[in-house]
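Both of the next two complexes hold chain A, though its partner changes from chain B to chain C.
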Partner chain A sequence: MSEMWVNMGPQHPMTHGLWNLRVRIDGEMIVEVDPEMGYLHRGIEKISEDRHYNEVITLMDRTCYVAGMAWEHLYVMGAEKALGIVPPERAEWIRMLSEEFQRLASHIMWYAAFVQDLGLMSPFLYGMRDRDLILDLFQSYTGGRLTYEYMRVGGVRNDLPEGFPAQARQVLDWLEPRLVEYDRLCMGSEIFRRRCDGLGVLKANDCVRLGVTGPMLRSAGSKRDIRKDRPYSRYSQVEFDVATADSSDVTGRYLVRMEEMRQSIRILRQALDWLEHHPGPVLADRLPRWLGAPYAPMGREGYLLKRNYPKGVGLSAIEEPHGEACAYVVNEGGEHPYRVKFRSPVFANLSACSHYLVGYHIADIPPIMGSVDVCVGEVDR
Partner chain B sequence: MEWNAEGVRAQLAAAGAPGILSVDPFDGAAARVRFSPESASALFPVLRDALGFTHLSTVGGIDWVERYEVFYLLWSDAAKRYLLLSADLDAKTPHIETASTVWPSANWHEREAWELVGIGFDHHPDLRHLLMPDGYSFHPLQRSFKLHEPEDLEVKVRHV
Partner chain C sequence: MALTTLWDVAYFLASGLLYVVSRIIPPLSGVLSNGDLVWGLSALVFGAILLAASMINTIMLIWFERKMLGRFMDRRGAMHVGYAGLLQNFADGLKLFRKNTFKPRDADGLGFYAGPTAYMVTSLLMFGVLPVSTGWSDGSLPLSMLLALVIFSFAPLFIFISAWSSNNKYSLIGGMRSAAQMIAYEVPILLAVVAVVVISGSFDLNTIVSEQRNYWYWGPLFLAMIVFATGMLAEMERIPFDLPEAEAELVEGWNTEYGGMLFAYFMLADYVRALAGSILVVLLFLGGWTLPAYFPAALTSLPLAGIVVLMVKTYLVFGVFVWIRAALPRVRTDQLLRIGWMRMIPLSLASIVFAVFFVLVKCIPVLGCVPSMGG
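Moving on to the complex of A and B:
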């Protein structure tokens, strides 16, 4: 049969965002793939060069709209290194707590979307229901449910509200048995296993060669996790295990994310215990005035002062829900960053897609791309 | 083995790495290594095979007006350290040998650096537009690309 090109996207249930996967097929078999990106390119790196340091945080929430906290954390750490600012201890713990809650929310969102691609409707609704509880927690201390604008260069905007730890523990107590339920729905289902086992295989050495990180790499048996290998924030002070699997296929990535959720709950419990007993400031004192007053959200007041601040370059890396994310912030002494470069994990994971799609059937694309957990916002930036 | 600037310098010398201009300490990474762009194709395999930097995180470019800078962020699983590599390119026709023959993951990162910053990557297997539409002739991350229109630019309305 003659080969032909098929466009999957930009509007297709598999894409989870706006991008186009061009597939050349021979009958049912995938012969070649060519992803077309750029539908969601907003030029975040360019806009950052025209914003004050704290104003870039607004853009970070929009970089990956399901993992806003993680991107805020990445950027503020990079900017702090470039500016030579050290945040207080409590702010670091709150940031770690926020990032782990975000990882939970992001993985639950992934679970909901992934199983829906496979045709299971009820887990989608369960996932959305449980994610909402985490969004409620975010709302209680940031005011936002999707775009938080919570972290600041030098700390976080405000402390947690009274009674937050008890409320958060209630959510975690509810979520823990739900994860068992999720697992029974999927791993106990013959249909799920037959659609996922042995699909989209990418071995560990290929992952390293192609720059693939995060759950995809760990599902191939590698233990690389920036939280363990290069601890940032206060990850060196909490106990958790790196989730791995060895099948390097779709089921493996599912198992890794499920285990990561359990480990996130473990980290969150330790962080909540710490936060309960260690009150303190959440924003560094004597911040330069051009960074803005703590409660003045993002105004331009004070920014026009002539500043005389040392130049610097900041490099930060975090284990984002999708993998390794890096930020490179160049401070040339101006009131805006001179250059900000972000490394998006999904960008690299997606660039390797011909290696885990070619040779499978066209009907395997939704489960495989679902297991990659594509967030187009951070690919295109 | 120490993974600081001295350690990296000693290892680069022992491995016979060509074209190294300087090795400086860098906060958050093992070191910042500056190299001359002509020796890129000889240097990259040494970093991967002799020093163990098997993972290329990202490639980016900076427009410094009087010159361009291209930087590579590498990661070593054995050392659990980043290494920042950078080279200065001339402002007229900035170009450097592709890293995608050594680290295939450089493919998309270099496509992005080419279309947004305007750095050419010689012998790149597939230097096409990635985020911008085909035929887009600007490089938005260059300093000469202004985000706002000049204020004195009036919108001319043609009355018929």
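Moving on to the complex of A and C:
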């Protein structure tokens, strides 16, 4: 069989979304790859320029549909810096709690999709079952299961409901032994190890050169984690370890994500303890009324108020479940952001795919791309 | 006339039918009492009963797998059509039947349609050969096991034909994989079967089962059974070895381009092969329709007892295959071929050596003696 190009995508079970991986194969070996992205481009950055600051939050949920909270958090942090608003203490803790729950949910979702690519059918459903519990928690305090629209510039929309910490702890108590079970289902399986060990190797210096971040970078031995290096929210006040691995392959990424889930549970327990004993406001007072655009009339009042706020730019960076995400919000005065720019970690991780796919088998594409944890929504934005 | 075998039943039905017809239309009675006609009609009835039984069993096998997989996955499986979803597969089949079957423009028509048809037909042919109980069919073929394995190994050819003729890259890769895999696993399967032949001294499945009345072959031939069952997993293309149709990378592999009833043919034939493969494991290693001596004889002498025993064992064997499917990820092509050529073949050769040894010593402690003493 001579070399040929195969389109893996845009409608392909491997892609987990809508993108196209063009692969040139020689028999079963990959000779060349060419990722094509943009099938899911919705112009989120451009639309944001035409919306009130708080209305952009709706778009953030749609940016990455499995990590909505993280993207909301990223955006509101950037917008607050641009507008010079400081959220109250309790809101910061709730945001951190939400982001860690989101990380847990996103990693479980990744686990389910990843093992499904390898042909493991049962853990897929175990993962989806356990993720549902976290979505139930989200529902209990945001009302939404996937698109929450919960965070606000200047805080969060509402406080946690009564009895939430106990409920959340119950979920965490259920999840902790489940993580052990996941690990035994995968790392205990000889076939799983053979399918994952030594695949998709991308060394740390290559990661840095290509802008690859997140679990992919940490699996190569680097300890870079924005939560530790440039703590935002209240990450400096909780104890956790940065998960790393040395193998820089698929197994390494798996191990990093598994350890991150354990660390997330650790952070969540501390956050729940704090939240239980520190009641307070969750939304900053003295916010300009046009921030809550759906409720305030546009026009004169907004124009009057905008003079009270200085122009500014806000740059925020968070450790999103997939990697390092950045938001750059430019405030030129007025109720709309002048420009919003996001850095999607998955876009960088995906663009580097020719560096970690070439030379492996065609059957290795699903585990390798699965280990990247592709979320096309945030790739294309 | 004792209705002890299926052939007797078919003959009885056919002659009864002809008798009724000749009573209704008296002038035809001379023609209808022709012996060849009765024989031919009973052959048809025989085939119809066999077809119906194997199809119903196949569909029940799918139901069994869906329910069992459901339990493994912490869900309930099919629940809504019929009691506990028993009719779900009939509904699915009906849905596929109503669908339009279309052929891609550049596909080769003959291969595209003949491939799945031949795959289905050869898979069903297995049941004409496999004995399911004593006196299932009249008389026995001296080489029935060989014939069964030959029919079983037709499949890669038809898979490859349909994959190639559907003019799709995924299908082509899947077809290549399928051919490589099935040919690689043909060899250890046949070698494992040689061990059975050595110890039973016969190529006839009836004899092989009756030789197991003292002890089943899975004891002395444990290695051979493992090799055979693993090979069968590969032949059935079930999950650790389902890479010809690996949905994550090849989008169902060789049947990507098939829809509607042609797809149903493939799906059904896969399960027909799964059923036949499980029956083969039971016949060769698990004593077929026999039960150990400590079961009361009255239990085994009941009518249809043999079939029930065999089917229970078959479903248990298939249950193990489902269990494997629920628990294991898929291997890679090169790993699969390496397992086949470098692990399975030495193991099956070793099992032949074991078999020869057991025949030479004639008696095995605990298990008993070889009745035929090596044929």
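To be clear about the criterion, the second predicted complex is superposed on the first by the 364 of 381 C-alpha atoms of A that agree within 3 Å, B and C clash if a C-alpha of one lies under 4 Å from a C-alpha of the other, contacts with A are read in each partner's own complex, and residues count from 1 in each chain.
Quick note on the criterion: a contact is a pair of C-beta atoms (placed from the backbone, for glycine too) under 8 Å apart; a residue touches a chain by one contact, two chains touch by 3 or more.
All values reported here derive from a predicted model rather than from experimental measurement.
K.L.:
May I ask you to decide whether A:316 touches chain B, chain C, both, or neither, giving the answer as first, second, both or neither?
P.N.:
first
K.L.:
For A:376, is the partner it touches chain B (first), chain C (second), both, or none of the two (neither)?
P.N.:
The answer is neither, since A:376 touches no partner chain.
K.L.:
Scan A:238 for contacts with chain B and chain C and give back first, second, both or neither.
P.N.:
neither
K.L.:
Now for A:47: first (chain B), second (chain C), both, or neither, which partner does it touch?
P.N.:
first
K.L.:
Determine, under the contact definition given at the top, whether A:284 touches first (chain B), second (chain C), both, or neither.
P.N.:
Once the two structures are laid over each other on A, A:284 reaches no partner at all.
K.L.:
If you stack the two complexes on chain A, which partner ends up touching A:328: first (chain B), second (chain C), both, or neither?
P.N.:
Only chain B is touched by A:328; chain C is not.
K.L.:
Touching A:364 in the superposition: chain B (first), chain C (second), both, neither?
P.N.:
In the superposition, A:364 touches chain C alone.
K.L.:
Touching A:208, do we find chain B (first), chain C (second), both, or neither?
P.N.:
A:208 contacts chain B only, not chain C.
K.L.:
Can A:97 be said to touch chain B (first), chain C (second), both, or neither?
P.N.:
In the superposition, A:97 contacts neither chain B nor chain C.
K.L.:
Help me check something: in the complex, which residues belonging to chain B touch chain A?
P.N.:
26-29, 54-58, 60, 62-63, 71, 73, 75, 77, 80-82, 84, 103-109, 116, 129-133, 140-141, 145, 147-148
K.L.:
Hey, which residues of chain A end up touching chain B in the complex?
P.N.:
Listed in rising order, the residues of chain A that touch chain B are 37-38, 41, 43, 45-47, 49-50, 81, 208-213, 222, 224, 229-230, 313-317, 324, 326, 328, 330, 338-339, 341, 343, 347-348, 351-352, 380-381.
K.L.:
So in the complex, which bits of chain C are touching chain A?
P.N.:
That would be residues 69, 72-75, 169-170, 172-173, 176, 239-240, 242-243, 246-249, 251, 325-335 of chain C.
K.L.:
Over in the complex, which chain A residues touch chain C? Could you list them?
P.N.:
Counting only chain A, the residues touching chain C are 1, 4, 6, 8, 12-14, 25, 28, 115-122, 124-126, 129, 185, 189, 191-192, 194-195, 361-366.
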